[in-house]
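Questions regarding the structure given below will be posed in turn.
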Amino acid sequence: MQTKLSVSIGKLKLKNPVMVASGTFGYAEEFKDFIDLSGLGAIVTKTVTLRPRRGNPPPRTCETPAGMLNSIGLENPGLESFIHDKLPVLKKIGIPIIMSVASEGDLEEFIELVKRLDKINEIAALELNLSCPNIKRTGLISQDPEATYSLVKAVRKKTKKTLITKLTPNVTDITKIAKQAQAAGSDAVSLINTLTGMSIDVNKRTPKVACIIGGLSGPAIRPVAVRMVWEIYREIKIPIIGMGGIMDTASALEFFIAGASAISVGTANFINPKVSLEIISGLKQYLSRNKIRDINQLIGSIRT
Amino acid sequence: MQTKLSVSIGKLKLKNPVMVASGTFGYAEEFKDFIDLSGLGAIVTKTVTLRPRRGNPPPRTCETPAGMLNSIGLENPGLESFIHDKLPVLKKIGIPIIMSVASEGDLEEFIELVKRLDKINEIAALELNLSCPNIKRTGLISQDPEATYSLVKAVRKKTKKTLITKLTPNVTDITKIAKQAQAAGSDAVSLINTLTGMSIDVNKRTPKVACIIGGLSGPAIRPVAVRMVWEIYREIKIPIIGMGGIMDTASALEFFIAGASAISVGTANFINPKVSLEIISGLKQYLSRNKIRDINQLIGSIRT
Amino acid sequence: MFQIKGKILYNKKVKGSYFHLALEAPDIAKESLPGQFLNIKVSNTYEPLLRRPLSIHSVRGRNIEVLYEVVGKGTKVLSEKGPGEVLDVIGPLGNGFTFNSWAHGLAGSRTILIGGGMGVAPLVFLADKIAGLRARGTKFKAQVLIGAKTKGNIICEKEFKDLGCSVKSATDDGSYGFKGRITDLLKNILRSASYDLPITIYACGPRLMLKEISAISRKYGIPAQISLEEHMACGIGACLGCVVNTKQGLRRVCKDGPVFNADEINWK
Amino acid sequence: MFQIKGKILYNKKVKGSYFHLALEAPDIAKESLPGQFLNIKVSNTYEPLLRRPLSIHSVRGRNIEVLYEVVGKGTKVLSEKGPGEVLDVIGPLGNGFTFNSWAHGLAGSRTILIGGGMGVAPLVFLADKIAGLRARGTKFKAQVLIGAKTKGNIICEKEFKDLGCSVKSATDDGSYGFKGRITDLLKNILRSASYDLPITIYACGPRLMLKEISAISRKYGIPAQISLEEHMACGIGACLGCVVNTKQGLRRVCKDGPVFNADEINWK
């Protein structure tokens, strides 16, 4: 059976709904030996900030039950170096490049970043990372509905590109934040970013990642992610990009059925660099086995 | 080396700091074939409500990566039946019985419950379950700092027993809730209750637990639990009872080092009914190997 | 109830994805009744996290046997264990089938054992006990009905015959025995049955089969004991996870069951 | 870099908790350099979740060998695999030691290979390559220093000797060879060394040992290449998890290393 995998996220058309999550795919070149990158629906870049960021001291990662903690701290070469060194390589792949951006400081910095990127055609969409737990501050923009609204609103004014707001799961009510992102003009939301967590080396009595607290990712967090996608799906109209612990076709399907229009593969890339392509073919098989012509019919199809 | 394992929680003295978590140990009798119950530091009962509760329809549990979801829905025989049928059995064990209580409805019901229990000597302490995610309501008391304050305050006036407030992790800032519990006169806080989560059977396209959303427990959530214990430890003065994914001595130690004065074993009881006693002897070994005379010296001893 | 470390004596493929496991477990063996089950820790890691409930298929002296199908990761991991390895096992759990009452109170009984798919596993143990009663001179007849999707899923036929049972099979596709549902075969039998002895039905299998058997039991006025399955977290009655809706309210399959009288269940 | 399914040829205990694994991996074998490593998926479950980085210990034709110590759950699971089983392996990863420059540019070199504990694993492959250079007529001398806590942890002595290296050992408790730290043994040697050929140090082992070697390298003006370890999530340079503080900023051990010139590292 012929099945249709293409989906739309704002103005962006994806030939298939499988992308790779920010920070887990480098700038793509690290994966070129393992997969045909042009088969992906889209690539979301590691988050880029206006200025280069050194990130956090090592150790930066540790393993946890069915998961891992990271405290990379948004290490990145900064906007200019990204545009000169990384973007040309990404561009050649020939699929939509979604650029993840964050601000280290104030709103102005974010605006400056977005204004600059708005002019760059190779960038298909922007993902606003308001949810990175590793920048030391009390509370994140993405934990505050009003702050989310103002930021997305301000950014929206500066660009016509498809805007995706990335949400943190470390909140009491994720639907409030998602609604504010929608109200402010975001074209889509993506979730979840990592859950904040901590792990201790009991013999040394020290935290396992140098920054003490890190972001938890991997299959362990999947039930939280699926729940949040489902909660949001019933409250907003803009598309959802689901992620959090997707390891294979079955776990990707949970997100579509819960309400995601597309999914992002994160931690799983580290374990199996081919996994995103395997999921694409797994989705096709599932659709034809279940006689579903178009993946859009699967979205939110949970029977409760 | 002689090591001291006893700790105090409010007026309650525990001979050792290892208890079993509400809802994961039945009313203790289910475990008597496997362990000497009198070896435990304390037993926390399944949550009891004023009236009997039928709970949620089956299926009520499913497995997730390194965890499980449950939506038992606080099934319990109600206060009177608990006092007549369960308490006499619990009493005979000869260790402190901490009774977990919840209200199905309003504050008055909670007060009535507590007034009644205040007179029962066999109950060593009360744990206020303000955090069960399974009773359908928009938001839980334990997700709202003010509501937590009012409830604990009201209950505090009605009883001299040691009061423990159990916290949900499904909040933006757990320290706010913990501070309110302390301000309202709680003698201790216990955390974490389950993270809300959801899992989907992708072939049937139905949720795996009948209530759609369940509570995630087990090793998967441990990093979140340890992080929250550590966050709270620096903000409050009352003792912390830590739980969430404790599976063995090493994982129990993470909680003490992060700041817990005692720990509760939950899901692990299902997998190894002997685990709580194994942890008690494991703690002794760790203390003597590390030449720590008193477990109180270990509490919050993380070097950051 | 015991928590023991049982040494694997063998763990071999029977056919297709069916495996036969034998364990040294004298304490459990001594106390086991047909219909009871074990809760087995198949891995020392957190994957899978929970134990896996498996019926007691047979008890031979100090040893206990289990028959299982590989359907997911837990049973897969189990199937990879070899002789000499040790498993952490809790058992015997649950109530088991009631059959002794007849042995003591009555001259005998005509029993019909109905196994759908893997449901035959606990019935072999029951057939063994019934054979024991017969050996002691009581008038016990045991007829076994095995139902499955296709021929390749029919198991334990020989075991039942060796225990002196008459065996009939049914397959959905007709590739072996009666073509159709096992419950249709049951109805045929009951229609033509001579009621020389009181009949009792013992059944284990898919939910829909058990529901249908409950209806048949009610219609023919024949008592039926059915063994249910629910997802189990603890297996010892502590978590209240495995409840089933009965006339006496919600009851725990692991502790109050897995065997229930068919007329107790509120089917939805 | 390849992601392959490599069949296990053998996976046997060498001594104590040390295991020797050989895999069929022709693509990787062809491209491997000493100091590079493999990232091995030891389990199909989520426990452990991440791959495990292990150095390439030896390459023989189409096969690749690894020497590892069982220190936790990942290496435990690996040690339970048997011949015929298939492992998902990524490699060769990282940069590897630089030694060819001398082979081409110079008449020869005196190399000192220093392995602390498991650190000997990649050095055997290096010694093998050096033996190859020597066979081609260049003046390469290889001296190996093996350091360990106690006699039971001294491994690969024979392998190095078979490759024509002179070997000295040091143990912390003096149960074998020199009593004391391997770096003290190194200092003794350097003090009395005749500088007939340029000396290069290649070292792999615990962080403190490598730090001390960096100090020695600076003091004696002898170049040292050291192989570092950091906790790795991806192993291919994508996650930025495994960084080390160098004079050129933070660099990835998995991609820019694991081998660094000792003088590049900012030790803290």
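Here the chain labels run A, B, C and D in written order, and each chain numbers its own residues starting at 1.
Keep in mind that, in the parts below, contacts are C-beta pairs under 8 Å (C-beta built on N, C-alpha and C of every residue); 3 or more make two chains touch, one makes a residue touch a chain.
Only a predicted model underlies this, so the values are computations on that prediction, with no experimental measurement involved.
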Any chain touching chain B and chain C at once appears in the list A, D
Looking at C-alpha means, what's the farthest chain from chain C?
D
How many angstrom lie between the centres of chain A and chain C, each centre taken as the mean Cα position?
48
Rounded to the nearest Å, the gap separating the Cα centres of chain C and chain D is 56
State, to the nearest whole Å, the distance from the C-alpha centre of chain A to the C-alpha centre of chain B.
34
Where in chain C do residues touch two or more of the other chains?
46-47
What are the residues of chain A that contact at least two other chains?
65-67, 218-220
Using the contact definition from the top, classify how the chains connect: line, ring, star, complete or other.
complete
List the residues on chain C that touch chain B in their complex, please.
1-3, 41, 46-51, 88, 90, 230-245, 249-250, 255
Once bound in the complex, which stretches of chain A touch chain B?
64-67, 69, 139, 143, 170-173, 195-200, 202, 204-207, 212-214, 216, 218-224, 226-227, 230, 245, 250, 253-254, 257-258, 286, 301-304
Hey, which residues of chain C end up touching chain D in the complex?
43, 45-47, 73, 77
Name, in rising order, each residue of chain C that touches chain A in their complex.
46-47
Residue numbers of chain A touching chain D in their complex, please.
23-26, 30-31, 33-34, 46, 54-55, 57-63, 65-68, 70, 72, 75, 218-220, 247, 267, 269-274
